[in-house]
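Here's a structure for you.
Which chain is which? They are A, B, C and D, in the order written, and residues in each are numbered from 1.
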Amino acid sequence: MNYCVGIDLGSTTTKAVVLGESGEVLGRGITNSRSNYEIACDVSVGEALISARFGLLEEALAAEGVEADRRKVQLEELEQGFREEQYRGDLRELGSVMGRLLEAGTYSAQEADAVTCVLDKMEQNAGSLYGRGKSRKSDFFRDLAGGEYLELVEGEAKTRALSFDRLVGLYDKAILEVENTVAHDESFSSRIKAALGRIPEQDALLAKAISAVVAMNLTKAGSVGTGYGRQTLPFAKEDIRSEILCHGLGAHAMFPNTRTVLDIGGQDTKAIQVDGNGIVTSFQMNDRCAAGCGRYLGYIADEMNIGLHELGPMACKSTRPVKINSTCTVFAGAELRERLSLGEKREDILAGLHRAIILRAMSLLARSGGIADEFTFTGGVAKNPAAVEALRKLIQENYGERTLNISPDSIYTGALGAAMFAQREWRRRHCA
Amino acid sequence: MSANRILELVESAEETYRDMSLASVKAWKEKTGGLAIGFMPIYVPRELLHAQGVLPVGIMGGGDDLEIIRGDAYYQSYICHIPRSTIELGLGGQLDCLDGMLFPAICDVIRNLSGMWKFEFPEKLSRYLDVPQDFTPEMGGEFYKSELLALIADLEKRGARPYDKEALRASIRLFNELGGIVRDLYALRRASPWKVPTAELYCLQRAATIWPVEEAITILREYHELVLADETRTPMDQARVVLAGSFCEQPPLGLIKTLERSGCYIVDDDFIQVHRWITRSLDVEGDPLEALVNGFLFDAMASPTRYCGDKTKGTELVTRVETAGAEGVLFCAPSFCDPALLDQPMAVASIEKAGIPWTAFRYSENNGQFQVIREQAGTFADSIKLWSGV
Amino acid sequence: MSEEKQVFKDDSQLRQKTMIADHYSRLAAAPDTGEKSVYTFVPGNLTELIRNFDLLPVLPEINALQSAMRGKSKEYIAAAEREGHSEDVCTYVKCDVGMKRAGNVGPTGERLPDPDLLLLSYTGCFTFMKWFEILKQEYDCPVTMLHVPYQGEGEITDSMRKYVVDQIKQKIIPALEKASGKKFDIDKLREQLRRSAQAEDDLVAVLESAKNRPSPIDAYFGGVYYIGPIFTAFRGTEQAVDYYRLLNQEIQERVRLGKGPVTPDGEMKEERFRLVVEGPPNWTNFREFWKMFSEEGAVCVASSYTKVGGVYDTGFRHDPDRPLESLAEYCLGCYTNLNLPSRVDTLERYVREYQADGLLVNSIKSCNSFSAGQLMMLREVGDRTGVPCGFVESDLVDPRYFSGSNIKNRLESYFQMIEQKRGGVQV
Amino acid sequence: MTKEQHDSLLVAGIDVGSASVQVVVMRDNGPAGAEVLAHSSERLRRREPADVAQTTFNSCLEAAGLVATDLQYIATTGEGECVPFRTGHFYGMTAHARGGIFLAPDAKAILDVGALHARAVMMDEKAKVLGYRMTSQCASGSGQFLENISRYLGVTMDEVGPLSLEADNPEVCSAICAVLAETDVINMVSREISTANIIRGIHDSMAGRFAKLLRSLKVEGMALVTGGLSADVGLVAALEDACCSKKGNISVTTHELSAHAGAIGAAIWGAFRFRKLAGKGLQLGVGAS
């Protein structure tokens, strides 16, 4: 079957959306951006195809008459198992890279031993990360393994009186290499089969459906890339579309009545006005200063040593947001510390920080022409409930009642737009 | 007892100017049925407005309380803060009780704001008040007079009382009195800065651009008498400094307090210049319009917004430092303020020549963090204190 | 403008380059020949009057932009900032101060003479006043100021005109007489103004040729070359008359042949977008910037920057019969001396008359006079005309504020937006 | 306390920064000079500054073989207002200037490079501050920024300096914003620029900024680098280059105790104040816990 793919190479994450021949979304994939852009793109497309196959699998099961509830259980278990397989694979790779670095570098036997210990523990813990109903701090190997490594190695460093910084440095070096070498090319089939072996809910029907899906041929018919902040995108010039247009079109596809789109990503914020056909009529974006973008929240989460997705819920508990002025990303941590030392409550500070970010976005929105009905919020930060709440409030205060659309897939908006451009191009060529 | 009363006066002043909805102006309008016209910092001939029964209302930006949402849609990031907060106030309806705005010739930003006002508030009076940079009566004077006449006509068209010589004389008398009190307070602060903390003086002066002149006179006079008599205010070991550069966009009150706390007595400044722009009492004998013009031409304060002609930049600042017995200068200008920042190197040259120490920093009206400034001002005060006389 | 690599091969261009180079040589030789120089500004300047006394005008703004084109501005600005000039202020001033420090070497590599008079024509920009206050500290020479009031209410009133004329008569002319040691010659001035008007007619014809499709000129990037002579030292001279006649002939020929504009990379092939541009260009990366347009087939058909010196296309001409009055009106009428409503009207008219696909604002960090209010102007013109409006930011001469990738990204999005809106090719 | 006892004072200086706390215990002999008896430092690592200050202070005292009541003055600087047992507080630049003169008597200026800010302070031989410049509210070119980048590159702060010295072809890092610069760096990695060259590029761009601070003060002569980043030999080397490359005669140096300059200066000022106040008959209590 033919598919078209759109790839959004963002500053923090790379997203891919795969569309089927009639324009339906087959799958979505995401990975963290890294210095090897091509690998980032390949991984995200790979992930999107995996999710596409899972989708197809569900269809196949449905066609076999498996009822919805059971399908859900089976698929979830299967997917968790699949992820665990992936994780273990990456962990092995990490182990071998670290082993090499340990040998090549100036590391002591003590240090090598500590690392081996930590890696072993991580291997043992892998199983507990995955399973039905489990959720993780992040979906990216870098963060997941990094968080755990840091925690474990701190203990090791203390008991063995080793330099914590050096051991962290080793991980940072290794992960860079791991990320930029493995292009998740291990086949879907071997992993899904291993995952199948692992789950209790398997049966013949499932095995059959899996074989069918594994056998299915997916052929790329077109691709369009977008992305900002990088001088060189790994796409041919004619396959690149402006991010602004992709976001406009993507938002339009999700919510056809959208007239205003706000996208807050890792390093940039965009305010876009679109017409009834998803065509951009005006836009504004931040310039030269990344204050108040998603990365800012990343620093804050790091500072507090919690996951990004925990930040918003914590801020939502606030009753009295603190007024924050500086949204310089790099100062974020300092600001947080200072406020804490002044005795302000964590959630109140966080609420203030979120409001500050949204205030900046409000300025851009105003600059681009205000907020029309309907309004769609996209980008990674749209996943953050505190940001959404602040936005909702500020819109209400300044523009009155507006329909605010947020899709759980909002982070894929740009990639969706790109995929639609790819699809249009393919149709044009196909029909001609 | 008197300490409480002082506090009360200062608090009510702070409340008045922080009240972005201009409740006191609304009350005045209700009571008198007169027009109220806003004006941007530095200088406008308030006497003229008063004589026509109009309440001049100082609009000096949105301060640190106002969240900017639409204002940024009007100004790029590299433009100072005051125009964006002013337009934010306008669009937010807080200035609705004003029947118009006057934009004196301060700089290109304010100049262009006058045009934006015409777009956004077409139903209101909005006038760019050009002031001469030629200070001869036959050229600059004539031109300024024609600007004043045009203003008079505009106000009349809006329903203000027709221009009347006697009324203008009476208004000039009142504003002379207000100006006199402010000058007295400045003199007292120069002599005994612990008696007149700048943060207090600032609040009172600022509110005095909003209060009707009669009320301002009463309150400032009372304050003056109270602090003079207050024996509990005693000197501390602080450095005496002149502050320069804050003539348009105003620093947040917290900044002024930070400077004082970090060990500086501010003994002269250029805040809220409208009260001191004309440096002496205006003539009440001859043609009062002529008196306004002559005051502007011959007796106005030096300012970065005023052409210095043949004089050397900064000499006036040196004189102020000497008059105030100050030990140093703090250049405290708004970020992106072209007039202040372009002036600074010239002023620095003059004061360095006179051997006066200085330091410089920038702010914007909505700054909330003062550590860096505290550190700088503190070090400056430290160095004056540790080394003065050594 | 002379340092730019040879992009125009037309006669007019060569002529222009020679004119300007000659002027700089003459300035360089001034200390020896005894010719005297007057520093003054571009907007609404009094070139005819200055040359009436055989004085040579020097325009610090032009020096600054030339320095930028020659890649010197970064170092000049750094020198000025080291001396305590703020990062926040107009970079023209800093570039000029830095150039002075580096020996006041002009664009042709020859030293510029010190001024015999600073003629501060305070028109359309507050910074001018500060600038000459600074220069006054640098040079020990007389200074005279012409204060030109702002058209706050959108018109030139009698009292404004009188104020300016009075200053010209009572201050400027005496100052020029004193600096030159010559008497003012009104008949000569009338003759100069007649020539000004003649050149102005040709210039307007050139600028208006952009109403053709395809436009034979780029009225922004190319435009800055066209306005060079008339806004700087040559208005009122026979040379200017010749140059503009020649230029106009060439352009009319291009119209006849249906040719598009000449760009840094030769003739533009296809005219895909017609734009009106508001705001000055960036000089440090002038060609790179231009290329971002020409490569996409975007032509600027009208621009406000080419009216900074003075606005001619609404009918103003220097008038030999009202010499001082028309000089005053010229000063009062330059683009940055218009109030915002008039500027919006102008841009709207351009969009309509030149059948533009869009309005693009290049917002210049340095220049509050231009920039404060541009965001609102953009929306207003967009609302009135319905064309898509774009916005980019850069600086005149400070390379730190030219982010090529950022601007390119915005421009590409903008062009794609216009295209999409047309329901055009790509989508 | 008798007059002659004032000739020799025991004092402590505590510099509470945004990233770390430095403590010194000194013997100050007035005009006869002063010596550092012990010094310690501790990174904050998200802990309460006051607590870290207390523990660092304790371990420093221990190293000096003293107890708190032996001290005549405990001086704080930086964010030292959070230290409840201080005797007095001095502003950061005043303290750094004094510490700078102590460590390098010929220094004409110090350049204090910490986690968030850099400041250049020019002083005379008596440590009187003559002028200073600081980096702005924007964090580009701060220690924190360097830390983030090295983390991304997998280089520890200890390795940064030596690595930077290995650079053969530094890559210019242009972005003004620290966050956008991260993108720049990622771009560089993707263009296979070596880690050494990337780091040196960042060092160069930071050094350029700092040199500008020094030059705008019109410093002539030696500048001592203080603060946490003084330990970064790469940055110091880059600074040397940046200060030499353009005209102006600034030389750059550093000292093994550079990171403690603020604490040292505060301690010495503490002794100075103690004598001055004692001269007026005032006695200060040392409220150590």
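By definition in this document, a residue touches a chain if its C-beta (ideal position, glycine included) is under 8 Å from a C-beta of that chain, and two chains touch if they have at least 3 such contacts.
None of these values were measured; they are calculated from a predicted model.
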{"item": "Interface ranked first by C-beta contact pairs", "value": "B-C"}
{"item": "Gap in Å, rounded to a whole number, between the CA centres of chain C and chain B", "value": "36"}
{"item": "Whole-Å gap separating chain C and chain D, where each centre is the average of the chain's CA atoms", "value": "49"}
{"item": "Centroid spacing, where centroids are CA-atom means, of chain A and chain B in whole angstrom", "value": "52"}
{"item": "Approximate Å spacing (C-alpha centroids) for the pair chain B, chain D", "value": "40"}
{"item": "Shared interface positions of chain D, touching two or more other chains", "value": "137, 176"}
{"item": "Chain A, residues touching no fewer than two other chains", "value": "231, 287-289, 326, 367"}
{"item": "Residues of chain B touching at least two other chains", "value": "73"}
{"item": "Arrangement of touching chains [line / ring / star / complete / other]", "value": "complete"}
{"item": "Sites on chain C touched by chain B in the complex", "value": "83-86, 88-90, 93, 122, 125-127, 129-131, 133-134, 137, 143, 145, 147, 149-150, 152-153, 157, 159-160, 162-163, 166-167, 170-171, 339-341, 343-344, 363, 365, 368-369, 371-376, 380, 393"}
{"item": "Footprint of chain A on chain C - complex, ascending", "value": "375, 379, 382, 388-389, 391, 393, 403, 405-406, 409-410, 412-413, 416-417, 420-421, 427"}
{"item": "Complex contact set, residues of chain C against chain D", "value": "78, 81-84, 400"}
{"item": "Complex contacts: residues of chain D adjacent to chain A", "value": "18, 44, 46, 48-49, 82, 115-116, 137-140, 142, 144-145, 148, 151-159, 175-180, 182-183, 186-187, 189-190"}
{"item": "Partner chain C, residues of chain D touching it in the complex", "value": "176, 212, 215-216"}
